[in-house]
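Naming follows writing order (A, B, C and D), and every chain is counted from residue 1.
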């Protein structure tokens, strides 16, 4: 019998509340930017700072309003964006162009709520250009991009950690001057500890999937990680994930899972979620094939042991370590935050193919995978789609490996017919592999 | 020894539907018709024509095995299809039947391309398929032949006479077609343009094949396999020995029969 | 034009057509040669250590086979550079150096290191993506220091401040000479064509700079004394991504109407040399960083913190003011996102300046007659051709 | 589209003072238009194999079995992608300028935006009331070949290319195909067979997808009314219907006596007429500048 999570609706409400606050808050500061940037510095300006992150917003808009999303993307191409630019970007800028915003509670608000400032990063060389376009179209919104460089082992490289800390230090000065507000170190340090706590907790929740049966599957993880993306600096967010962590630990103790039939455990490397498409999900479910580990949901908002003397490990970090962290000064908090962000698997895999390979090997081993599903995204600059090509070569001889040809939110570029053929084949290959014992 | 059963193989593909009649390991008759967006009708016509060519009637069939992307659509009455086989499984079996020591088949079909590695019993071990931008290469080859006012065979023969190595965009059929037309408008020799078109198609297929370790004895199936110009380039790009199966476009249909117990 | 500088231009052209032969001739004289793909690599540090940096350029031959190394939605420039490595065209290089560039060129570099045998003879220098902050400057200087240490180990001898200063002066001299060469095109009837200047600039990127400076000085002296050509045609300026396919410039100057290619704002032309490193500074790496920050920014590294402004647009408007083009040609690599997002902002500026423009989408192979039609249509609009 | 040619018997070319012609050597088809003292006398539409050969067969088809010979034509302007391959042309002008001139000549001075959907490319041209092009936008590579692939699609559904446009009008309920490029739309259309989508709906979906892609190009270039559509695909009612409904703008009604595919060739003939008259009155200085034949760029 499949287990149903009790805290499911709290997650949905938290995300919708964040969006409604951003869209309808009568006063306070509206801030947009990439969720790949450290968010805690914004909370040093006060409790009334409402955030929308570009990527989760575009993803949830496409999920909640598929037809609107299709029109958004056409509108962005009419507005002149490149035909091959990132479709998250197109969808996000299109809401500015069409002057309406979609909210995860299913409502569409006419009139795009203009942000007061943009706090972003430069993960791919497009991120800052993404928000340059929003800033330009809304008459010049102040924008601060943090260059996080990324790359394997970055969180252990003092040069990169200091570089990110120095930029955040300068950024805090900029925030004060641009908003005219006092920056409260106390609020910032509390927000920083929450942010680090949520990221570590999420790592712990994901790592529990190493068990058999894995308590959660990728479809649930994808729905449970947005709050950690949209605003992970609040106490409620920490409580949400602490409650979820307890519940999932309990599921492991009683051997329960949201998807009990796990004849085939799949590791998933990719941003796009074509497997979530009803047709693909049906084929996998009918064969008892479940995605138990994914670099996207694990690696976008989760921290793990990571690179330990040359090898990657998806084992979690003890949440208690976060409470004992000495964050007495602003610099301590900044450095701890920089290390956590630089530690994200997605940050490390983008610029270092060797780190991505190590992550792939570790995930296949630690989560006892029967199959590896790769989903390179057609227009995403950050996506490690080159890494997938090499991974396909490495893993093809070890376990069944299948590569989709897909896209984040531009359904026109998803190869759904091909994904269907490849999913059927993927299941046959796993059956043959298991039977042949090869 | 019991009289061998007479079996029919149906391969319902995106662009063409193939039918073949086999008794034991002897091919009696075959026919190919355009699918034309109506799989049941195409399957019916192909099977009837194949039976006529084999001089047989529907009743004498011991069973019909279907494969191809639309295999389940052929199971509509009046055809009583007894078994449906995935296309990659059928390709492997069919290729092995036509060439005993082959271990890899590259199927260059009308809309999709795939490469299959299999063991000595014809069980598939690994399969790679093309991505969306490489869809429709077979259709593109026919379009280009028509654009140059040639048949597909003539396009291949013309390509073999090419003297200069021209490049056209490698992304997809659309950009290749637009670049090929551009070369013509530059006054380029048609043979060179035909050769560039052939090389583009094969480059797209060959690069897909490098994802899989290509075992010795590579054979080629699918409608495009009949064009020597393509095969010449495939040899060059894979720099491995490659041979074309006879009746290359019927490999799937033959494989369907073989995986249904035929060919003993 | 007298035979003198025609011969020199021919020498430059020969080098662009046979870069490998030229590089091997340098090795024949006992010099070490290092390749680079992204122009943020500080060539002065390599040159100071006696290594000759040469730019890795593409060959414009279709290379579908690179789709099993680099995803197909990467720009054709990255595919082509990767293809050159996989085809072992550059095996003779003693070293390749890369700085964290746009992700497409980073992947081209990765292919060389993983699959083309450059594992042991390569160095990746981390480099900032947002250049206009104080921390970025410090990060750059630290990165240059790391590169310097690596090179010193590689050549097994230390690089003194004087070595780097000499290199800075030689490279600044090349930059000044190239600038003077391009300045000829500001005249109404320039003594040299845009295609020839582009050819010389491309050759300069693969040459030993002192030898290049001598040839440039001789060429410029010859051109000083040269009266301009007869009536000059429509003045066209190119701006956009890297273009190392000289056929595009050849086409621009050989349309059905007489046209002059008067400027190319691209990373294989102006963006490569339109700056100087401050000389005789106590801290040489600091000076190189200051020079690098003052360059025309690459679209992948062009965000001014605070305003989110694209600094490159200031340079483009300045070039339009100085070179007075009648029309602008926007070139962009297919699948290049940073460039596509810049073109979006350049078009309104050109419309406000009332300068007609057209876009050319570059790929491995370019549709010459379609481009020819677009360019001639642009000239017809400028010349107000009507029945 | 089948090849055709037509001649206006009432006109007698021997009495004409000025005989000019325009040849549009397109990627998919070649067209020719002959004017006698500015009045349309003959026109032709032939399929292109190679531009050189097809341009000649186009002008010969237009000349037809009249006694008018190629050498009697005072001035001939070639246009289209293969215009440099037309040896008997006095001059070449791009299809951007010719499209604008032809459209304004037919539909009058209110025209400001001309959409030219040829076999290979798709261009949006802005022009003045005098038919002079002021700006244009060419399709990107992913939108190439929409015209050519319409014919390929017709072959796939085993129908005439002139038929499928009307069939597309029969259904307005259909699942959506990818409208990013013709290859995606074609491959997804083939996959609709799996879910038994009726052929009429698939044809309508394909037309909607192509119209949507073209509408994005028109929106990107900017549409100022009045709006006209020329080029071979303008004869496809399905594309026209969806294009107008997506853009929410109606084009000026097509002129019954003018096949939209011939308008660019007409524009070339108008240019030939103007250049010939100017050459007579010798007031035109740009002349020698445009005489320069095209030089073939370096080898590949």
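Going forward, a residue touches a chain if its C-beta (ideal position, glycine included) is under 8 Å from a C-beta of that chain, and two chains touch if they have at least 3 such contacts.
Remember, it's a predicted structure, so these values are computed and weren't measured experimentally.
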Show me the overlap between the contact partners of subunit C and those of subunit D.
A, B
Reference subunit B; chain at largest CA-centroid distance:
C
Between B-D and A-D, more contacting C-beta pairs sit at B-D
With chain centres taken as the means of their Cα atoms, state the distance from subunit A to subunit C in Å.
36
Could you work out how far the Cα centre of subunit A sits from that of subunit D, in whole Å?
48
So how far apart, in whole Å, are subunit A and subunit B when each is placed at the average of its C-alpha atoms?
42
Can you pull out the residues of subunit C that are in contact with at least two other chains?
60, 68, 334, 363, 365, 368-370
Listed in rising order, subunit A residues that touch 2 or more other chains are 80, 83, 389, 413
Sites on subunit B at which at least two other chains make contact:
69, 131-133, 135, 167, 169, 171, 175, 178, 182, 185-186, 211
Which word fits how the chains touch one another: line, ring, star, complete or other?
complete
Quick one: in the complex, what on subunit A touches subunit D?
70, 74, 77-80, 83, 410-413, 416-417
Which of the residues in subunit C come into contact with subunit D in the complex?
60, 233, 246-247, 250-251, 254-258, 334, 356, 358-359, 361, 363, 365, 368-370, 372-374, 376-377, 380-381, 383-387
In the complex, go through subunit B and note every residue touching subunit A.
69, 86, 88-89, 112, 123-127, 129-133, 135, 211-213
Looking at the complex, which residues from subunit D come into contact with subunit B?
25, 27-28, 47, 49-52, 81-82, 84-85, 120-121, 141-142, 144-145, 148-149, 151-152, 155-158, 181-184, 186-187, 190-191, 193-194, 196, 199, 202, 296, 300
Where on subunit A is subunit C touching in the complex?
80-86, 118, 122, 124-126, 128-133, 135-136, 140-147, 149, 151, 159-160, 163, 166-167, 170, 174, 178, 350-351, 353, 376, 378-379, 381-382, 385-386, 388-390
